[in-house]
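After this come two complexes, each holding subunit A, first together with subunit B and then together with subunit C.
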Partner chain A sequence: MSAQTARRPAAGGLRSAAGARLGGVAVLLVVAAVFPLVITNALYTQFGVDTLIFVTAVAAWNLFSGFSGYISLGHAVFFGTGAYTVGLLTQHWKVIGGTIFALLPLGGLVAALIAVPFGLIALRVRRHTFVVITIAIFFMFQLMAFNFAFTGGNNGLSTPFFLWSAAEYNNPFYYAALILAVGTILLCWAIRGSRFGLQLLAIRDDEDRARGLGVRAMRVKLTAFVISGGLTGMVGGLWWFFIGQALPQTAFNPAFDLSVALMAFLGGFGTLAGPVLGALILEPLQQWDAITFTNGFVGEIALGVLFLAVILFMPRGLIPTGRELITRWRASNARRREPAPGGAPPGGAAVAQPAASTSQPSTGTPSTGSIR
Partner chain B sequence: MTALLRTAGVTKAFGGVQALSGATIEVEQGSIAGLIGPNGSGKTTLFNVITGYERVDDGDVYLADKQITNAPPDKVFGAGIGRTFQLTRVFSRLTVMENMIVAAQHGERGRGLLRNPFARAGGPATRRRAMELLEFTGIANHAGALAETLSYGQRKLLELSYVLMADPAIVLLDEPAGGVNPTLISTIADRIRQLNEQGTTFLIVEHNMDFVMGLCHKVTVLDYGTAVVTGPPDVVRTDPRVLDAYLGTAEDDDDIPVG
Partner chain C sequence: MGREITEAIVDGILGGGVYALMAVGLTLIFGVLDIINIAQGILVVLGAYLSYVLSVHLHIDLFVGLLVTVPAMFIIGVAIQWAFIRPLRGRERTSMSLLASYAVAIIIEGVLYLIFGSNYVNLTARYVTNGPKIFGFYLDYIYIYGFLMALLLVAAIYYTLYRTQFGRTIRATMQDQTAARIVGINVNRVQALTFGIGVAVTAAGGMVFGATGGGFNPNTGYDLISRLLAIVILGGLGSIAGAMIAAIFMITLEAVVDVVWSPSWSVVVFYAALVLVLAFRPQGLLGRRAARAQ
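And now, the complex of A and B:
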C-alpha cells in the first residue's frame, strides 16, 4: 500500500519533469521569437543578435570539442573563413538586400572544406598537442588574412549598405541568427542521440578502446570537426553582415575561441543545454560591460576572474552541477518525508550518493569530471 | 583441426628492447588456448600486434586464411577478433547499455552508405541482444548505470559483454582473472566454457595457473618474445623449458609456478 502510493508520485514526477523541460524549451522559443517585436530598442536587439551568434558558435564548438573531448582553440579559422568567403562573394556578385542570407551556406561550405585538411593534420594528435596545433593553424590563417591581396589586408572587407529602416534594421539579422541557432541546436540534439554521437562520446572516454570495438575514430572525429566548422563558418558570415566589416584581427580573433570555450565550460562542457546557457549568460554580460566600462580592460579582467571561478568552483559547469544539486535536494526531501526506520543519519552523504547515481537518466547528458 | 588465428614469425622491437622475436603461435578453431610466460615475455605485445594496436617489424598475422597483418583495430574487430585489456577499459561516462551499443557493428537496417548516420543509436534488436549478453554475464541490472559506477569485477564482465556484441570468431582475453575475487573468477571461467561450447574460440593471457590449466585445451609458453613450447596443460606443466623460462633453471621439478 505504502509502496504503491510512494511510486505513483515518483512516476508522475518523471513525466512532469520531461513535460517541464519541453515546456521550458517552448517558452524560450516563443520569447526568442517575439523579443525584437516587443523590445524595439536597437541597443537591445543588437545584444540579441550578438547573443544568438554566440549561441550558435558555442553549440557548434561543443558539437565537436564537447562531444569528442578534443579542445579546439582554432575555430576562429572557420568563423573568419565564413566571414571572408561571404564578404568576397557579396562584393564579387554585388549582392544586396535580403538575398545576402542565401550566401551563408556557401560560407559554411568553404569553412567545412577548410576543416578537412585542418582536421586531417590536427586530429592525428591528441590532448595538449592537438590544442597547440589548432592554435598554430589559427595564427597561420590570421597572417594570411593580413597579408593576401584578395582579403583586403589590414583594411579587411566592408559590407554594402543595407537600405533597411533604422527602426527595424536589426530584425533580419536577428531572425537569421535565430534560425541558425535553432538549427544548430537541433542538429546537436540529433547527433547526441545517434550512433555517430555515441561513437564521439566513446572516443572522448577512451579512443583506443573505441577503435578496438570497431569505431573508425579518424572518420568520426573528422566528420564532427567538419560539421562543427561548417556551422561556425555560416555564423561567421552572418556576423560579417551584421557588424559591417571584417578585419583580420576581428574575424580571426584569438579571443573568439577563448570566449566560446568559456561559455561552454560555464554552462556545461559536452552537454546539450550547457553551451546555450553559457552563451545566453556571458555574451549579454560582455556586451553590457563593453558599453558600461569605457575602459575595455575592466571587462576583460572580469572575464578572467569569472573563468577562474568557474574552473575552481564549478569545473563541470552550471548544468551538471545544478542537476546534481537538484537530485541531492530531492533525495534529502524524500528522506525527510519518510524517515528511515533504522534512523539513518540525516543528510548522510552515503545515503545521498546512490540516490544521485540511480536517478541519472540513461540517455542523459554525461557528467564531465575531467577533460582530456 | 585448422588454425583460426596464426602468427608467423612476428617480430617487434621498442627501441632497444626486443619484445617479440619470431613469435609463431596457432590457435585452433573452436579451442580455448592459453598464452603464458614470465613478465615481459611479450604476451601483451603479441595481443597488440594481432589486434592492430602495434605494427609488426616483421612477420605476419592470419585470421583463418586471411592475412590481417597491420590492419587497424577497427578492421580487426570487424573481421572477427575481439579483445579485452589487462587493465579494464570501459567508457566510464556512458551507461552500461550505451557501452554495449558502441560495440554493435551494424545499425538496425542498411549498411555502409545506405545507413542513416543520424539514426538513433541502438534500435530494439541491438538493445535486446545487449540485454541478453548482460544477463549472460550477470550485470543486466546495471544496464542504466554509468559505467564508472561499476566495480572492477563488473567492468571486466562489461568488457567481455561488449566484445561479444559483434559475435567475434575469436576473443583475446588479457588477464581475465587478474584482480578479481575467486567467486567471480569461477563465474568468468564458466562463461568462457559456455561460449566456447557455442563455438567461440578463445586465446587467454593469464598469470593464474589454476585458471589457465583448468580451462585451456592447449597452452603456449612465450619467453623472450618467442614461443618455446605448445601443448596440452599437463605436458606444458612439466616441460623443463617452461620451468626454465619461469625460474631460470630446469633442476627443481617440484616447484611449478602457480598463482
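And now, the complex of A and C:
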C-alpha cells in the first residue's frame, strides 16, 4: 500500500527521470539483443547465457521471496524439477532440434504443480521455520534424485546432441534465455503494480494486519509461490539443454539457492531492478572467478567476503542505497538553492521520506523495535 | 534382525546425545539473539579439525585437547558475533543475520579446504576402536564417553541457565529483550557470551563427531547443519529440552531406518519426519506458538 502511494509523488515530480529510465531499459534491451551478434567469442556468449539464466531465476525468486518477505532457500527444487522433467520428456519423445524449447513450459508446469503441496506445507509457518522447511524439502528432492531409478541416479540425465552449427552454438540458448528473462521481468513488473502485488507487499509488511484487512494471505502467498516456482522450473529446463547434463548435485544445488538470494540482496531485495542488477553483476563475476582461480576455494572465500561486505555496508542492496544517496543529494541541492528560513529543512526531509519508502516498502512500522 | 535393531537404537541414542549438545548450542543462540546460526555445521567441523591438529601434531589426547579447543571456539564465537552479527540492525535483521552466518560458513569452509584439502580424515585414539560387548554387539568406548560428556555439558548448561545469576539474565533476554534492557541487563554482553557458549559446545560435539561419524572433510558441514536445523525446528526453536528430545528421536529414527530399509533412504525419512510433524504442529514439539510477533 505505502509503496504505491509513495511512488506517485516521487515519479510525478520527476517525469524526466521516468523517461530516462524507460530509455535506459530500451538501451539495455537492444544491447542484450545484439550482444551475441557483436561478440561472437563462444566463451563470452556462454557467460551471457549463464547470466540470463540467473537473471530469470533471481527475478522469479524475488517475485515470491522479495515481494512476500518469505525467504525461500528451496527454489532449487523447482530448478531441478524443471531440468529433470524436460530431460525425461526429451529422452522419452526423442526430441531433437529447435522444438526442444517447446518443452520448457511443460517443465515449468510440473515445477508449478510441485510448488502447490510444497507451499501448502511450508507456508503455514513463518520466518526462520519457513527457511528451514524449504531447506529440508530441498534435501528430500535432492536425495530422491539420487535414489530413484528413473532419474538416472548418480549419473543424472544427459542431453542429446543438438545439430546446430558450432560457431553459433550458444545463440539459440541465448535468445531463449533472453525471452524468458524479459518475460519474467515484465511479469514481475505487472504483478508489482497490481492488486495482487499490493497484497503480497502488505503480507511482507505485516501479515496479521493484512489478514485483518481482508487479504487472503494463504491464497496470495501460494499463488506467488507457484508462479515463482513455475518460472524457475522453465529456466531450469533451459539450463539443462545448455549445460548438457543434469546431476542430482548440480540440478538440485544448495549453492543455487544461496547465489540467487545473494544476487537479490546485492541488487536490492524486493525491488524490481535490484535482482536483475545483482545477477548481471554477480554471475559474470562468478564465472570469471571459476576460470581464473583454478583452486575453486579462493573463489568461494571471495564470494563469502563479498557477501559479508554487502550485508554489513549496504544491507538494503545497491539500488535502494543508491537511490537514497541520489535523493539526499537532490534534497541538499534544493535546500542550497532556496534557503527559505525554517521551510527548507522539513521540505528536504519530506522529499527524502517518500523516496526511502519506495525503495523499502517496509518502513510502515518504524516503532516495532521500541514496542517489543 | 532384532539384534541389529537393538544395536541401531543404542547407537542412535548415544549418537543423538552428541547431536543434542550441538543442537542445544544452536537453539540457545536462536533464543537469545533471534537468529539462526547457519555456520553451526561448519563450526562443528572446525572444532573437529582443531582436535585433529592437536592429536596428530601435538599428540594430545582428544578429551584433554578439549581444554584448549572449547575456549578457542568460544573466542571464535564471540568474535563472529562481534564482527558480523552485532552490527546488523533494522527490519531485515533476521534474514540478514541468516545470510551473514551463511557467508561466514562458506568462508570457513574455503579456508579449511585450503589448509586441509578435501580428503576425509578421522580422529583416532585407543578408545575409538575399542569397547565392551553389550547386548551381543561391540560398542566402542568413544560412544559411551561422548554420550556421557554430552550429558555432562548439557547439564552444565542447564545449571547455568536455571541456577545462576548469569543464566537468569540469559533467560530474561530470551523472554523479552526490551524488558531485560529496562531492568538493567547488559543485553549486548549477554548476546555475545551466549553466542560464544553456543559455538563453544561445537568443539566438544565436533570432537566426538569426528571420532564416530565415518570421517569428515570441510564439506561435511552442510550435512551437519541440515540435520541440526531439522532437529531444532522439530524440537521447537528456542526450546532446549525440545532440541534434546528431537535430536535423540531423529538420530535414532535414522539409524533404525538405515537398518530395516536402506541407508540411501534413511536421510529422506529424516526430513520427511520433520515435514510431517510440522504439518500438524507448525511450532515444533515444544515450541511456543508465535513466541515473537512477526
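Here are a few things to note about the model shown:
In this text, the second predicted complex is superposed on the first by the 324 of 372 C-alpha atoms of A that agree within 3 Å, B and C clash if a C-alpha of one lies under 4 Å from a C-alpha of the other, contacts with A are read in each partner's own complex, and residues count from 1 in each chain.
Convention: a contact is a pair of C-beta atoms (placed from the backbone, for glycine too) under 8 Å apart; a residue touches a chain by one contact, two chains touch by 3 or more.
The structure displayed is predicted, hence computed values, not measured ones.
Applying the stated contact rule after C-alpha superposition, one finds that A:A42 touches neither subunit B nor subunit C. Legend: residue contacts after superposition of the two complexes on their common chain; A:V305 is shown touching subunit C, with no touch to subunit B. In the superposed pair of complexes, A:I71 makes contact with subunit C only, with no contact to subunit B. If you count the residues of subunit A touched by subunit B and by subunit C, you find the higher number for C. By the touch criterion defined above, A:N147 reaches subunit C but does not reach subunit B. Judged by the touch definition given at the top, the superposed model places A:L106 against neither subunit B nor subunit C. In the overlay built on the shared chain, the residue A:S194 is in contact with subunit B alone; subunit C does not reach it.
Of the two partner chains, both subunit B and subunit C are touched by A:D208. With the contact threshold set out at the top, residues 206, 208, 360, 362, 368 of subunit A are in contact with subunit B in one structure and with subunit C in the other.
Against subunit C, in their complex, subunit A makes its touches with residues 71, 121, 124-129, 131-133, 135-137, 139-140, 143-144, 146-147, 206-208, 254, 258, 261-262, 265, 269, 295, 297-298, 300-301, 303-305, 307-308, 311-312, 315-316, 360, 362, 365, 368, 370, 372. The part of subunit C that touches subunit A in the complex is made up of residues 30, 36, 84, 87-92, 94-96, 98-100, 102-107, 109-111, 113-114, 176-178, 222, 226, 229-230, 233, 237, 264-265, 267-268, 271-272, 274-275, 278-279, 282-284, 292-294.
Chain contact summary for the complex, subunit B toward subunit A: residues 51, 53, 72-74, 76-78, 83, 85, 89-95, 97-99, 101-103, 105, 107, 117-122, 143-146, 149, 162-163, 165-166.
Contact residues on subunit A toward subunit B in their complex (touch as defined above): 190-191, 193-199, 201-202, 204-206, 208-217, 223, 357-358, 360, 362, 366-369.
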